[in-house]
Amino acid sequence: MNVTGALLSPLFEPGFFSSGPVHVALVVGGVVAVVSGIVGVFTVIRGQSFAGHALADIGSAGGSAAVLVGVSTLYGYLALNVVAAAVMELIGIRRPRGRDLATGVVLGAALGLAALFLYEDTVSTSTTGATVNVLFGSIFTLPPGTTTLIALLGAVSIVAIAVLYRPLLLSSVSYDLAAARGVPVRLVGAGYLLTLALAVSLSAITIGAILSTALLIGPAAISLRVTTRTWAAVTVASGVGVFACWGGTLVAYDSSDWTGGWGWPVSFCIVAVIFVLYFAAGLVARLAPAGPGRRRSERAEPAGAQRVDAA
Amino acid sequence: MTVRTNLVTLSGASRGTDGTGDAQKAGDEVLRAEGLSVSLGGRQVLDQVSFSLRAGGFWGLIGANGAGKTTLLRVVLGLIAPTSGRVVVTGGHRSRRNPQVGYVPQKISLEPDMPLRARDLVGLGLDGHRFGLSWPSPARATLVEEMLDAVGATPFANSRVGNLSGGEQQRVMIAHALISRPKLLLLDEPLANLDIRSAAEVVQLLARIAPEQHVAILLSAHDMNPLLPVMDGVVYLADGRAASGTTEEVVRTGTLSRLYGHRVEVVRVEGRVLVVSGSEHQAHHPGDPYPAR
Amino acid sequence: MFASFMVNAWEAATIVAAVAGVVGFFTVLRGSAFAAHALPNGAFAGAAGAVLIGANTIVGLGVFSLAGAGVIAGMGRRARSDVATALTIVLMLATGDLFLSHTSEYAPEIFSLLFGQVLGVSTSKLVPTAVLAALCILAVMVLYRPLMISSVAPEVAQARGINTRMMDLAFLVVLALVTTMAVPVVGSLLTFSLLIGPPAAARSLTSRPLVAMGLAVLCALLTVWGSIAISYETNLPVGFFVGSISAFAYTVGRGWGAWQQHRRNRLLRPTTRPAAA
């Protein structure tokens, strides 16, 4: 073994790179992380983190319905998420508080459905593993043959964001201004929600509902703390997502050797990586504020609305 | 009591000229409202509002909170359809996406994490309404640079918009609106959240920029005093009705009392104008249609 | 369905609904739907951990939900509130996954923690539930005025010397307490339906706060009683009915509000103003 190998071997336990499932997990995880990072930036700046999280849980309800019906779970996720996104858009409240309330109601109804489906599921098939699998997912138990489809749908999401890019930014700055300038704001909002539904379906089915939200919001929040320009924010978010995904997978794989026996689940490791990076980004932001602008506390008087909806 | 007329326009104002017969041509009209009425949420917000603005002028849209200023601006922008009446902007019927009209909305809440520099936000004024990504070009960069300079935003051009002060954000939004060279600029309560100094600076900026960029300005405010030095005319809204013309013509006890439908007094103190409700102890003025009780 | 073994279920559900109506009023007012979802969901992880080490699930729920409240409030100081909530729920659930990964034997208990097993409320659980309920209602009554002001007009609250950050934390702690008492009964995934649907419906019917709170309690009670009754008859999970009825209540409330708006607009048709005296 050469020097590099000797240095790296403590990190990469034997067999990591030659493991088939690991390959698939890394590729799919990478794709999902990139899509989530890009969509996540817009989710955060539009204050729609709850919708992003809700769609992951709602998708799970669709997934459990699909299991019941015997269809591929991906279609179940997609179908219910698209319906939910459409309902959220139709309810059409613009103030963040009201919008989160509407999201909550849709989520509650969907989870009620999930309760029903899972109950039917356990009754009819008497396997309770399905419950945990649908809700938490695992990157190592991907349904076979879906890698290409997921990559394709991921590409569709990215193209959608690219098309919506400018009007979405403008309407995120000011809905009225965008409308006055002729942007079809409801269409753009609906298009964005559908893209979010697609992206979250992909991530929820491959990496589970927890990681779906983690990779949607975490890398975006990290990136927005340290970047100033939109393209930079999007790029850094994707990069952080991929790093967290691969790094977390690596840690999980290694952990069974570190802790002698039971390993840590991948989800926990990825989330841990994200949190470490988030606090690191916070430190960076405080020591070196992005751009030559002054920080909020130093301004003469506050501009715009205070951030009062803390709970 | 006879029925009050809802339409109070003064001589010359509806023809786009002021009473002293200035050199502006009647055809140089940039905005005309004819009998606009709007009812929203069970309330008559605007009632037969008519006025006309000529090109290059600086007009204040004055009225108390709830008088209908924002609604009027939104009708002009095409965001609300009037119940009756119409708006004509620079020679054509108003429609959404009129590139001749620029807009600075009232409340923009820009969080500190919004990934846009001042420069980027101004650039969005050029093509933010089009789909897809924008490609940087030297021509675009020059335009943005010029506009930033015109509003005095160059010192903070590369700062995050969420980190700017209220006055600075205001300048950036003005640049954003002006970069597409509109003929009419609408500003909804731009001075509302600013301290006195910042407000004066914004007014000075607008007064300087309007002739430079050949743009007419209609700016809504609930206090007309910061605008007195620079206003060419005023559209005064009360209870959904409007009176328009020069400040001297409109801001008078008789005119405003007619507009409000009850007695108000216009008081001028040290160059400032105050509009106060008539008190019971006022002396009777001969010829006054609204004698104090 | 009113057999002796069901009495516990009715009592527990009634207590939960009463508290959910009261606290839910503020949840809706503050738009804290995400936190109301995050805390019960995340607290579930604590319950799983408690099951793991053989401790009382309520202790696990309590510790995790209070910790979650603290983390959300803490992170919310320098980040958007919904980002803080998202990251917190993710952390709590990932930790729960860590606990769950130790064993796969707990699936039925997981199901009941998630979706509620009203029929499984033992008498011994009733007492802590009632105590926590009383605590929640007491907290809301003590904090009523500062909480109202800081929820509706935060700048005014600050001008009056009310520490809005403390109010945010206080409200989250109350939510954590509601979580702890409600999750064993209604389940973590559906505790929040009760905190949102009925109070939102109540708010559509009236704008007077105490009336709205009373209506919220009433609506929550009806929701829960109906859900138990139908669940008993059909053997389907209670959570399904709670979620559906809450959504229905919300829809009815919004429809009512829209109908009122429409009627007000129609009354305005004659636009000529009457002559004044």
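Read from first to last, the chains carry the letters A, B and C; within each, the first residue is number 1.
Going forward, contacts are C-beta pairs under 8 Å (C-beta built on N, C-alpha and C of every residue); 3 or more make two chains touch, one makes a residue touch a chain.
Everything numeric here is computed off the predicted structure, so don't read it as measured data.
Shared contact partners of chain A and chain B are C. The interface with the largest number of contacting C-beta pairs joins chains A-C. When every chain is reduced to the mean of its CA atoms, the largest separation from chain C belongs to B. Averaging Cα coordinates per chain places chain B and chain C 45 Å apart. Chain C has its Cα centroid 25 Å from the Cα centroid of chain A. Shared interface positions of chain B, defined as residues touching 2 or more other chains, are 111, 113.
Under the contact definition stated at the top, the residues of chain A that touch 2 or more other chains are 44, 221, 307. Multi-chain contact residues of chain C (touching two or more other chains): 80. Listing the residues of chain C that touch chain B in their complex gives 80, 261, 264-265, 267-268, 271, 273, 275-277. Contact residues on chain A toward chain C in their complex (touch as defined above): 44, 47-50, 52-54, 57, 91, 96-98, 100-101, 103-116, 118-119, 122, 128-129, 131-132, 135-136, 210, 213-214, 216-218, 221, 262-265, 267-268, 270-272, 274-275, 278, 282, 306-311.
Interface residues of chain C, counted against chain A in their complex, comprise 28, 30-37, 72-73, 76, 78-83, 85-87, 89-91, 93-95, 97-98, 100-102, 104, 107-108, 110-111, 114-115, 154-155, 164-165, 168-169, 171-172, 175, 187, 189-190, 192-193, 196-197, 200, 236-237, 239-244, 246-247, 250-251, 254.
Note for the complex: chain A touches chain B at residues 41, 44-45, 162-167, 169-170, 172-174, 176-183, 221, 224-225, 227-230, 232-233, 289-296, 299-305, 307. Of all residues in chain B, only 1-4, 6, 37, 39, 41-44, 47, 83-84, 111, 113, 261 touch chain C in the complex they form.
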